[in-house]
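Heads up, there are several structures right after this.
First subunit A sits with subunit B, and in the next complex the same chain sits with subunit C.
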Partner chain A sequence: MEFLSYFGNVFEPISFMLLLGGTIGGLILGATPGLSPTMAVALLIPFTFHLAPHQGLILLGAAYTSTIAGGAVSAILLNIPGAPANIATALDGHVMAKKGEGAKALHLAFMSSAVGGVIGVLLLIFLTPVLAKWALAFGPSHLFWIAILGVTVIGTLDSKSFVKGLLSGCIGLWLSMIGYDDIQGVQRFIFADALTGGINIIAALIGLFAIPQVMEMLSRGRTITDIDVITVRHQSLLASFREMISNMKALSIGTITGSIIGIIPGVGGQIAGLVAYDQTKKISRDRRKFGTGHPEGVIAAESANNAMVGPSLIPLLTLSIPGSPTAAVLLGGLLIHGIFPGPDLFKNHAAVAWTFIDSMLIGQFLMVIFGIYIANLAAKIAQVPRSILAAGVFILAVFGAYSVQQSMGDVHVMIALGVGMFFLEKYGFSAAPLVLGLILGPIAESNFLQGNLIAGAQDGPAIYFLTGYLNLFLISLVILSICFAFWTTLKVNRLIALSKEAE
Partner chain B sequence: MKKILAILTMSVALMATTTAYAGDYPERPIGVAVSYGAGGATDFQARIVTMVAGNKDILGQPIYIINKPGAGGRVGWNWFATEAEKDGYTMSAYNVPHFIAQSIKGGVKYSADSFEPIANWGADPAVVVVGKDSKFKTMSDLVAFAKANPGKLTLSGAGLFVGHHIAALQIEKAAGVKMVYIPTKGGGAAAMKAVIAGDVLAGVNNLSDAFRAQKAGSVKILGVADLERDKKFLPDVPTLKEAGLDVDNASVNFRGLMVPKGTPQAVIDKLSAQVPVMFGHKRVAKRMKAGGSPMKIMTRKEVQAMWAKRKSTLAELLKGL
Partner chain C sequence: MANVDYKKVQQTLAAAIVLIVAGIVAWLSYTREPAEAFLFPRYISIAFLVLSIWNFVRAATGMALVGRGMDLGSAIWLAPGLAIMTIYIFWMAKYLGFYVASTLTFIILFSIYDPSSHTSPRTWLARAAITIGFMAIMYGLFALVLKVQLPRGLFI
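Showing the complex of A and B:
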């Protein structure tokens, strides 16, 4: 209960102002496509040079939490996930916004973010010693199987057809191979200079989601009478809160999945939202409503990606291993003040560590208050006429892709992928499985190659990859996931056949 | 007539700026391209060592960082060699031996001759680490195991043709053993995690990161791949040479600033006079020390000699690969 005694530090005037500023700034940065949480935190590092250690960390922690939540705004209203964490949010959230439920979707997103976030931080406070051991349990073979587990999700994710889902996933896997391979030291599929470093995931994300939508809006032209102005129905906070509580199942699956995935170093928040979304979908009674603007989808995705934040810091704070790119940047923020994370961090720098963690807890509440305030303003975006919105989204997309690493090459990649995706969508393919392939490809591949090298020095790949409790557990999850996907596809097909016969 | 006048005034104005150029340089903020992502060690240190650039007695203009990560630094240095303006307003951070080893292996658009060094700020030697419960207590334990079990000693490091890889190659060559070098994606942190978790039997990592990990009680450091012991951080850890392995400092990760070839000599002179002063500033030193980042300030002349020496050592070492 030591953490209780440091709450006072958070409410010191300067600390609290930083927390407030970090939260509001983070929400706005997060809502801007292309500015990922990692970059937001990195941009703030120089400011922390001049602050006391705990103040600097409060600022960085607030920015980390709120950029992830802020990403929901552009995902829901514009269908541009600001970071991989928000892909799953866009799947149902944007459909809700199109139906006029933008305000509701945003309320749900922020509230479930806060619930997930608070639980994630509580895990960080109470279970750090236990969970730290967990983080180390995952070696290359396990990470490989986790990535494969993610691949099995591809077929069922946001796609009318199982086969087309798998095909999109394969395209994504192939795209992820482009670039310089760090493990074997070879170049692959580098046709243009812009591809030397591989396809940047954020740029790809923006292109795949935003560009087809812009083209869709423009292709309808001005002649059509339904220059649809979407109404934004008013939504009371209480009603949103009730809605969230009534979807307890989605909320808890999202939070649990997010927390577990958050601890595993190297996988991190990129897939937490997508995996939680898929799990909730598989278990939900309203399975078939997913993708049509179903609140459960938003709740699962957003609770997961914020639940990931707290546990993702466990390997950093206790073992000095940054488990995600953002954690690596936070490590920089600690080092600059001469604070070395490690088992004795809580002994040597108790005030700094606990004030930081406490501020993340309070930050969740500030985030939900200001998030909803911003959401009410931002929801009006949906009322902008489509033709103007299309231009606006395009500008944001170009700006976002460029700002990732100040590279025009990324902008070209973004546009090329987007135009390709526009035509693929015409044939029933969808962007989410493709992006998942793009994210999982490198994780699966590099861990397989490393595992193979290690196995070569031990007892061979078969023993390395296929024995041990954790491997077997993960493999059975993979098999279960595949069987489940087949079973549901068969069932749906039978239902369709039956309804046709009835006609 | 008006047009001609306008052109005349414009060209006079232009001439004025070009002549004033070297004398008044820098007139606007200077960018430093870092070939690694935000938050990495190179980025982190580059931000610290350039933070006092705006002081009147240093450069009088602030320095800002541009991150161009990808393909182990190749993306950033390719960009810097081919596209960066040669006017002194774009510098880049270099990592030796990385970029020199990459250019020897080919497939990139630069070599040591594409750039002009300005000054060096840091030197982070590679060290050999093992898990805290490892049966290896000294370098000779490790070498003896590698000798008895060819191809069984797994060794993690941050990638191919970086300092860690070079050190591993040098150890193999010096001891006459065959080890399995496992490059990780995600840099030194992922390589360190592999050692702590016991995924691999040993690892090569940065001195600064290994020092922290040892302080945290998760690893033991067996040897330093440098010419001398590190007196400040690891006075008790022997160099590999002391441990009986003929390994020099070719794997030490030197970091500094450079400009593209073709930058005006006056600009190079001004920078190479002022930048070492900037690196030596006491606020910089304080921050670098706090972060556990070893500093080594070298002038342009010293860096030129160091680059030339690395080029020949690395060409020799990488010949067989």
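Showing the complex of A and C:
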């Protein structure tokens, strides 16, 4: 129960103000279509440089949680999911809003988000120390395979194309090797002065997540946002609470599904929401009502996508393997404060780690309180024209990338990676595995080299890396993730071919 | 000529560029010394090259189904924005200073892509007001709160 002793840190004036600001700002950013939670967190990192580590993480954690919940506002009131995680919410939420039940849909979305979020954070609290103790037994070969597993899982599960997903991961791994080699001090792949110190993670994250979205907005030209915002009228919060309690089955399925999916690296909130929606629909007595404004749909989807947040941080905090792109951005936030997550995190930086986790728990309650009351305002802000959003995000990205090391070189790297990623995405490549490759590359390489040194003094690299129960278990997971994705691709291709033949 | 599959051509071109990059990475990894420093890059470059060849074959044979590519309309709309972004980062920020360059870039990008009237003085006034407001927030955040020293240029 160590986490209980750090709640006081969250209520320090600056920390609490940051939690409040991160929650409200995250709700508004989340409600804005075109701004993904990952991009919002990446753009916030430069603002954490001047804060104490726990304060910086409180801001990032609050933004992570509330941007996902904030996406429900635009999904319900505008029928545009603020984030991919809210796709399932729009299916019933918007129909409810059109029927005049907008407030009820929002109440259900935020309350079930909070329930899912609290359970998810509790899982994070109770599972992380256990896994961290277990992870202390991991040697370099295991950590090497875990890093490779992180890239293959996210490369195969997060991408629409199996080959392009893995290829994106390889590009990220290669990018991580640019700069000076840590052991020999040899220059590798340095094509320009800006790359001498390697690719700065924060500048890369901003570039990879913000610039493609800016370019996407620009490529749509002068689009007029002629969306009707459905105004929310006051409705009883207590009645909505009763409604949520009466739909306990949907709430439980959503929370359990989200928590399980969250722990699996690379799967993410989008799938959590859709899987929970689908599972609830399958076992519901009112399955025909789904899609017609049924509260169960909103409850299942929203509880799942917020239940995913806490568990998605477990691999990050115990093994320093980010399980999702947003967790990768949070890792960047930890690294700039000199904190390396992993088995020793709760020994060396217990105050930072527990304060961060506690703030996420309190953030769930703030999210409900503010989410419900600022929904109308957030929906109006969500209508900001794309021209302003694109110009604003671009300037913010440049300022943010520059302020990392006060270097124009980082800005050049940021724009080069961002433009490159925009075109790669157009051809089916994905940013998430590339980012994971970029972040996990140094972890994989240092453990690979350490393992090689140990293996040199023992029975050789083949025995060291390819034998032992844990190595074999991790290798089989790598192979399984690749085979599963390969099988899924074949199945999808066959379906596409069949539909073409039918046409 | 009428039956050119532009999606396939674009996919093949993109796959060819990735293949060339993978080839260069593999060549550099295997030709640079000391070998110990390039041990890990060599393994990764093999995987990178094999996957790139696979991707290229799939694209060239029309099997690459994911990714719609760029249509001409989107490319035409994107071009001026991309040009302004490049000029801002590589020239304007250096010579005019960050704040002046950013203000100009913001209003130019905003004006080009703003669907509102471009002949009415009122919309121009609104654009100017939004730009000044946005830059005031940026100045407040970065110069006053975060105290980031941004590059100075000809003006500020």
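Definition applied: the second predicted complex is superposed on the first by the 269 of 503 C-alpha atoms of A that agree within 3 Å, B and C clash if a C-alpha of one lies under 4 Å from a C-alpha of the other, contacts with A are read in each partner's own complex, and residues count from 1 in each chain.
The rule is simple: a residue touches a chain if its C-beta (ideal position, glycine included) is under 8 Å from a C-beta of that chain, and two chains touch if they have at least 3 such contacts.
Every value quoted in this text rests on a predicted model; they were computed, and no experiment measured them.
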Contacts for A:P13 in the overlay, against subunit B (first) and subunit C (second): which applies, first, second, both or neither? neither
Partner chain in contact with A:K160 - subunit B first, subunit C second, else both or neither: second
Is A:P46 in contact with subunit B, with subunit C, with both, or with neither (first, second, both, neither)? both
Using the touch definition from the top, say if A:F448 reaches subunit B (first), subunit C (second), both or neither. second
Now for A:Y427: first (subunit B), second (subunit C), both, or neither, which partner does it touch? second
After the superposition on A, what does A:Y402 contact: first (subunit B), second (subunit C), both or neither? second
Using the superposition on chain A described above, determine whether A:F189 touches subunit B (first), subunit C (second), both, or neither. second
Find the residues of subunit A that appear in the contact set with subunit B and again in the contact set with subunit C. 46, 49, 183, 406
The residues of subunit A that touch subunit C in their complex are 46-47, 49-50, 159-161, 163-164, 166-167, 170-171, 173-174, 177, 181, 183-184, 186, 188-189, 215, 217-224, 385-388, 390-392, 394-396, 398-399, 402-403, 406, 408, 411-412, 415, 419, 423-429, 444-445, 448-449, 452, 493, 496
In the complex formed with subunit A, which residues of subunit C make contact? 10-11, 14-15, 18, 21-22, 25, 28, 32, 34, 36-41, 44-45, 47-48, 51-52, 54-55, 58, 63-70, 73-75, 77-78, 81-82, 85-86, 88-90, 93-94, 98, 102, 105-106, 109-115, 130, 134, 138, 141-142, 145-151
Which residues, counting only subunit B, touch subunit A once they are in their complex? 37-40, 43-44, 47-48, 51, 66-72, 74-75, 78-79, 105, 107, 151-154, 159-161, 180, 182-186, 189-190, 192-194, 196-200, 212-213, 215-218, 287, 289-293
Residues on subunit A engaged by subunit B in the complex (per definition of touch): 38-39, 41-43, 45-46, 49, 136-140, 179-180, 182-183, 185, 187, 193, 196-198, 200, 265-266, 315, 319-322, 325-326, 328-329, 331-332, 335-338, 340-344, 405-407, 442, 446, 450, 453-454, 456-458
